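Worksheet: the structure to be examined is printed underneath.
Chains here go by letter, A, B, C and D, matching the order in which they are written, and residues are numbered from 1 within each.
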Amino acid sequence: QPALKKGLKIAFLPKQINNPYEVIADNGGLAAIKEFGGVGKAVGPSDAGASSQVSYINTLIAQKQDAIVIAANDANALVPYLKRAMQGGTKVVTFDSDTAPEGRNIFINQANSEGIGRAQVQLLGKLINYTGDIAILSATPNATNQNTWIKWMQEELKLPKYKNMRLVKIAYGNDDDQKSFTEMQGLIQAYPNLKGVISPTTVGISAGARYLSTSPSKGKVVLTGLGTPNQMRQFVKDGTVTAFQLWNPADLGYLAAYAAAALASNQITGKEGDTFTAGKLGKYTVGKNGEVVLGPPTTFDKANIDKFNF
Amino acid sequence: MTEARPGTAVNVPRLTLSGASKRFGPVQALRNVSLELYPGEAHALLGENGAGKSTLVKILAGVHQADAGELQIGGQPVVFRGPGEARAAGVAIIYQEPTLFPDLTVAENVLMGRQPATRLGRIDKRTMQRQVAGILQELGVALDPARLVRGLSIADQQIVEIAKALSLNAQVLIMDEPTAALTLQETERLFRVVRSLRARGAAILFITHRLEEVFAECQRVTIMRDGQWVSAGVIGDYTPGSVVRQMVGRDLGELYPHAQTQPGEVALKVSGLSQPGMFDDVSFTVRRGEIVGLAGLVGAGRSEVARAVFGIDPREHGSVQVNGHTIPPLQPRLAMRAGLGLVPEDRRQQGLVMELSIERNANLAILNRLGRGLLMDRAAEDRSAQQWTSQLQLKAHRLSDPVSSLSGGNQQKVVLAKWLATGPAVLIVDEPTRGIDVGAKAEVHRVLAELAAAGLAVLMISSDLPEVLGMADRILVMREGRLVGELSREQASEEAVMWLATGQRSQDLGGAA
Amino acid sequence: MTASPSEVPASAARANPVQQLLRARELSLVLLLAVLMGVTTAINPRFLSVGSVRDLLLNVAIIGLVVVGQTVVLLMRHVDLSVSSVVGLSAFLSGALFVAQPSLPLPLALLFGLLLGAVAGTINGLLVAYGRVPALVATLGTLYVYRGADYAIVHGGQINAANLPPSFLNFATGSVLGVPNLVLLVLLVMVGFAVYLGSYRGGREYYAIGSNQEAAVLAGIRVQRRTLTGFVLSGAIAGLAGVLYLARYGTVDASAGSGLELQVIAAAVVGGVSINGGVGTIAGAGIGALLLGVIGSALVTLRAPAFYQQAIQGALLLLAISVDIVLSRRTARRLQGGPK
Amino acid sequence: MKSVRGLLGWEATILALVVLALLGGALLSPDFLTASNLSFLTANFSEIALMALTMTLIIIVAEIDLSVASILGLASALLGTLWAAHVPMPLAILLTFLAGGLAGLLNGLLVTRLGLPSLAVTIGTLALYRGLAYALLGDRAIADFPPFYTNLGFGTVPGTAIPIPMALFAVLAVLTAVLLHATAFGRRLYAIGANSMAARFAGVQVERIKLLLFVMSGLMAALAGIVYTFRFSSARGDNGTGLELGVIAAVLLGGVSIFGGRGSVVGAVAAVFLIGIINGALTIVDVSNEILTIVTGLLLIGSVLVPNLLARLRAARERRAVRPVGDAVS
């Protein structure tokens, strides 16, 4: 296997440049690029729109980057432009949120989508004793990753042990803090028998927790989902939230950067079975459809949350 | 009052303006003009449209800063950097165009910035309305101080302007054509107030195009032409003829040139026109070649009828026919196509698009005729605008200048030009000569008379009674939304018209005639 | 003086139709509000429970506050689109201040927000009053500039409830006699401005300027200075709202407050404040904000499907302004038709 | 005339700035002034450019249409829904135009029949049409459009680097310019914008013309929606969210007066290019989005402020030139 090239130009293109979660991931990636002696940068739009990402893709093509690492705002809209990038010799890695497979060489999946979806229902089921109305507070209606997870959540709910749990509503907070806050408030008001809420987005779960912590329903409605320990620490400590999950976003970016470098150095092509080494994270193998899975998510609760800082 | 007698030696000017000049870009509006106002006197400032009268007023008001010249009040040199400073120095102004706050009450308009307040600074609305009611009563008008200004007729707006100036109790009162929109009634009341102000020693500057008012009310005159001072002196040294000669620089033709012709067939037929609350059962006809006057007091509903006939305002009942074609309500375009035109009374709001050029304004009603196919023909646009503006002797720098740079009277000519260009069969003119100088007025009358002689039917609404009497073949009189009478040219006199318009005999009119 | 014929005309008989109409306008809004709340409560009685009314008021509070400043600006026939960016900037910066200085007393934080907003408002005001830039252009420009500054400062950072001192958060959740502190503060500002605009000389000048700017100049009003003041007020209020936003939501990132400007203008317009200046009251604008808030919560309470909510909200907004104008026209016609 | 000349001056300034921005971009990065980069760059703002044309007309009559981006989204969602329901593409496109026209008609009717301010109406329909787009597609995204059509959105005019949507725009821009500047209809628009009452008194059918403009704006937004859908081969409810402010910013930067009665198509078009090119040039040298946002705002403010300040400076100089003469007289 050839060694990683020096001086690779790799650009991170997050969904939204100011999104705190994405910033952590990008920084993980930039750290990796520094490790292997590449030239890294993170650029991107301030709104989570596909068309604004396209203009950045075009610029990166004109700049002749060796690789683009992108969290896609739309599974399809970016494909023709990413294809054009690949035709020009730029490697494309998606992370966090995927495009259609023909739009990229590799997708770095934070965790197995099926696993994330099912695990959250399992966690909530345990917390509410497998009975009662539940709701989902998602990001935007079009977010690819959230929609995939929700699909798997619904699959999991079909199992007999969940027969006493009913999914009454999927609300969308658009990854906007205030909107998520009001949506959470609305859920509790509209569904008196609500027992649990899953919010598979870091913005949603922290806004939801913030509402819950001051409302009379604190302790009566269980909130869980995907959040960062720093945002959730206070709510775990004050008992609003018992447990939630996440992988380490910095590791996600780190892995994506190494995958991009491996592609650009012709170590791998992205086909199933290719293997590469991602610095401190160790060895990874490309799976079906060019997917690389970071690893299982961590569950955070009162006992372990202070060990994490991101 | 004794020291206020004109021409006496003890008299020192209250206000002196000397050597004032003002330039607007290429236009030298004022060139070395001087003016002296004496306490207890009304001073007439005369000149053609565009002579620079309003510019001079605005300099005295602090609206414009003169390029050169000195202003003294009570012998002290002053410089006004804004209208507030002029007012603080005791100068009250009635501007040519009413500038009111349509969304505020009459009372607040009059006292804006000087509303009576309680000790805590809160406005005392009751006192405010009482004060304004007092002033309005002095002027003899039944305006409710608590109503909003929006929707007031031009005349009523002018009254509010007057009340505003009077409420200041100023030492210098400047009135730029305050009577242009008023009928005899209000005019007479205004003069009564002016006389009492004079008696209190106020100095008054009075601008008008109605010479009879000058000779009746003023003690002194200053005459301007083309931005320059021409002459000044006590009124006794002037005659109407000499004034006009100095203003215009030549002798005038006849002011009311319309010779009665044999009227042709009916061109405009209005029957049973009604709109609840506005006017009721109005029917009349105008024949080809005929000029019909429509007289009445302010608020009698004449303008409303005109607007409803043309299709701007709604009408609930009645029909309008032009040359036999019935015109549906609210369709000015169809009315125009049938040959109807309307010169509206409010030129700033209704008559002109101030920001656009003179040419664009003059052609606005005939755009369809100035094209080649779908596209406009620039040469035809130029030609058309040139034709009517020059016929009306418009005084303008260039036809591509915005119409807002014209003097009031010249603006009025642009409105006329716009409608004459349509070659109408029936023309309704609402206050066609408001604010127009004697020379131009004669010109407008001549044009109307010529067109009538050529077969145009004219309906003329005017608050200038001599004008109606001089021009009209027949006079219709309205009172409170109804047609109350018709007078032939022979029957018509000021007295007869007023009798119909008010429903009272002339001795009740308080000597207005 | 003797009774004179010219006193007869219609103007006296037609006293005040427009004023009565305005009063009718606020009334029609209250009516609409009552109907909406009645129907919603009938379907889901929890809508009027103490908890949800409290939440509703808290939701409306921030918009209700910003709308006060916006009304001042709209009255002058201007508009302030930059409020949303000012709210965001102030929310983040005051949060950052707490992070740096956790012992900061609450009044100082509020003052900080006010001052920050006032500075932003001053820039707007200078552009409009002295630079003669139309308000829509100027504040659309500063909407971008202030938001860009916000992005540049925040850059993916975030203020979390965990970073904020408990005393500050307690202020947000606390209440006096069951009325939340935030709501009380906003009501206080509203009443103050309502009185000032209604019956103080300075306040009336805003109406005068919006009604006819040229006339205002001629009446000796210092239009430029007054315009500047109006924008400073609007900015300061938005800055204050930013601090309250932080208190209420606890989490602030770079996009806080985005899109707020259109909601605020919608609230003012629904409440009868004219975009053409000179017309409107704080009370009306407040009711407008409340109406929009009630529509939003009612939809959630009535379990309107998520994908239809926005459409229904838009339709109801249009309905509200249409019904309002039709009702007030009818009132006006009745008033006019009366004395014939 | 002064204002007219000032305006022409402004358009020349904007055009000069466009050239400067191109040169500046070329100096900053060798990758900027390449055919392919310029091709991407212009394709990127095709929707904004299209909608700016009708927005220019609407702002000239002193109205505003904030709902255009939502109509774009609605059109995109509808096109996707119809295609997913196996409606033949030409028919689907026709129906999408119809929907855009109807959306514009509703705006227009509320403004002209009820006399509501367009700012308020279109804030409402901004929410309504976006909501309908979500209602149509929910969380679905339709992507499998036929290559013939996506190539139209994505491709360039054969033999050139000109994106097909830009070629379409060029044709429409010329038509709009002729309509506004050389027809009776255009003359009337200026009159309506500057004083609608006076226009009505001159027989101009103010209401009907405004209605027509709103319908045109709806149709144009639908066209932009179709272009957007094909360009990204993706129909979603949230397509084009927030574009309205970009459209309005461009039109205002182009010297169109927000109070109506003033402005030109050339100015608006030049401004669309100016913003697009500056953005492109700064992005290629990795200037962050934060700075871009600030630059857009400053451009917008500067576009009015700078000419105003220059005019005042000139006036002050003139006054100073006049004074000595006046003093000599007095």
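Quick notes on this one:
In this text, a contact is a pair of C-beta atoms (placed from the backbone, for glycine too) under 8 Å apart; a residue touches a chain by one contact, two chains touch by 3 or more.
These numbers were taken from a predicted model, which means no experiment stands behind them.
Under the contact definition stated at the top, the chains bordering both chain C and chain D are A, B.
In this assembly, B is the chain whose CA centroid lies farthest from the centroid of chain A.
In terms of C-beta pairs in contact, B-C outnumbers the other of B-C and A-D. Centre-to-centre separation of chain B and chain D, using mean CA positions: 43 Å.
Centre-to-centre separation of chain A and chain D, using mean CA positions: 36 Å. As a whole-number value, the distance joining the C-alpha centres of chain A and chain B reads 74 Å. The set of chain A residues that touch two or more partner chains comprises 17, 46, 141. In chain C, the positions touching at least two other chains are 151, 155, 274, 307.
By the definition given earlier, chain contacts exist for A-C, A-D, B-C, B-D, C-D.
Those residues of chain D lying in contact with chain B across their complex are 1-4, 178, 182-184, 187-188, 190-191, 194-195, 197-205, 261-262, 319, 322-323, 325-327, 329-330. The residues of chain C lying in touch with chain B in their complex are 1-2, 4-12, 14-19, 195, 199-201, 204-205, 207-208, 210-212, 214-222, 274, 277-279, 336-337, 339-340. Against chain D, in their complex, chain C makes its touches with residues 127, 131-134, 136-138, 140-149, 151-152, 155, 262, 265-266, 269-270, 274-276, 307-315, 317-318, 321-322, 325-326.
Residues 17, 41, 43-47, 49-51, 54-56, 58-59, 61-64, 74-80, 100, 140-142, 147 of chain A are the ones that touch chain D when the two sit in their complex.
The part of chain A that touches chain C in the complex is made up of residues 17-20, 22-23, 46, 141, 169-172, 176-178, 181-183, 185-187, 189-192, 206-207, 210, 213-216, 230-231, 233-235.
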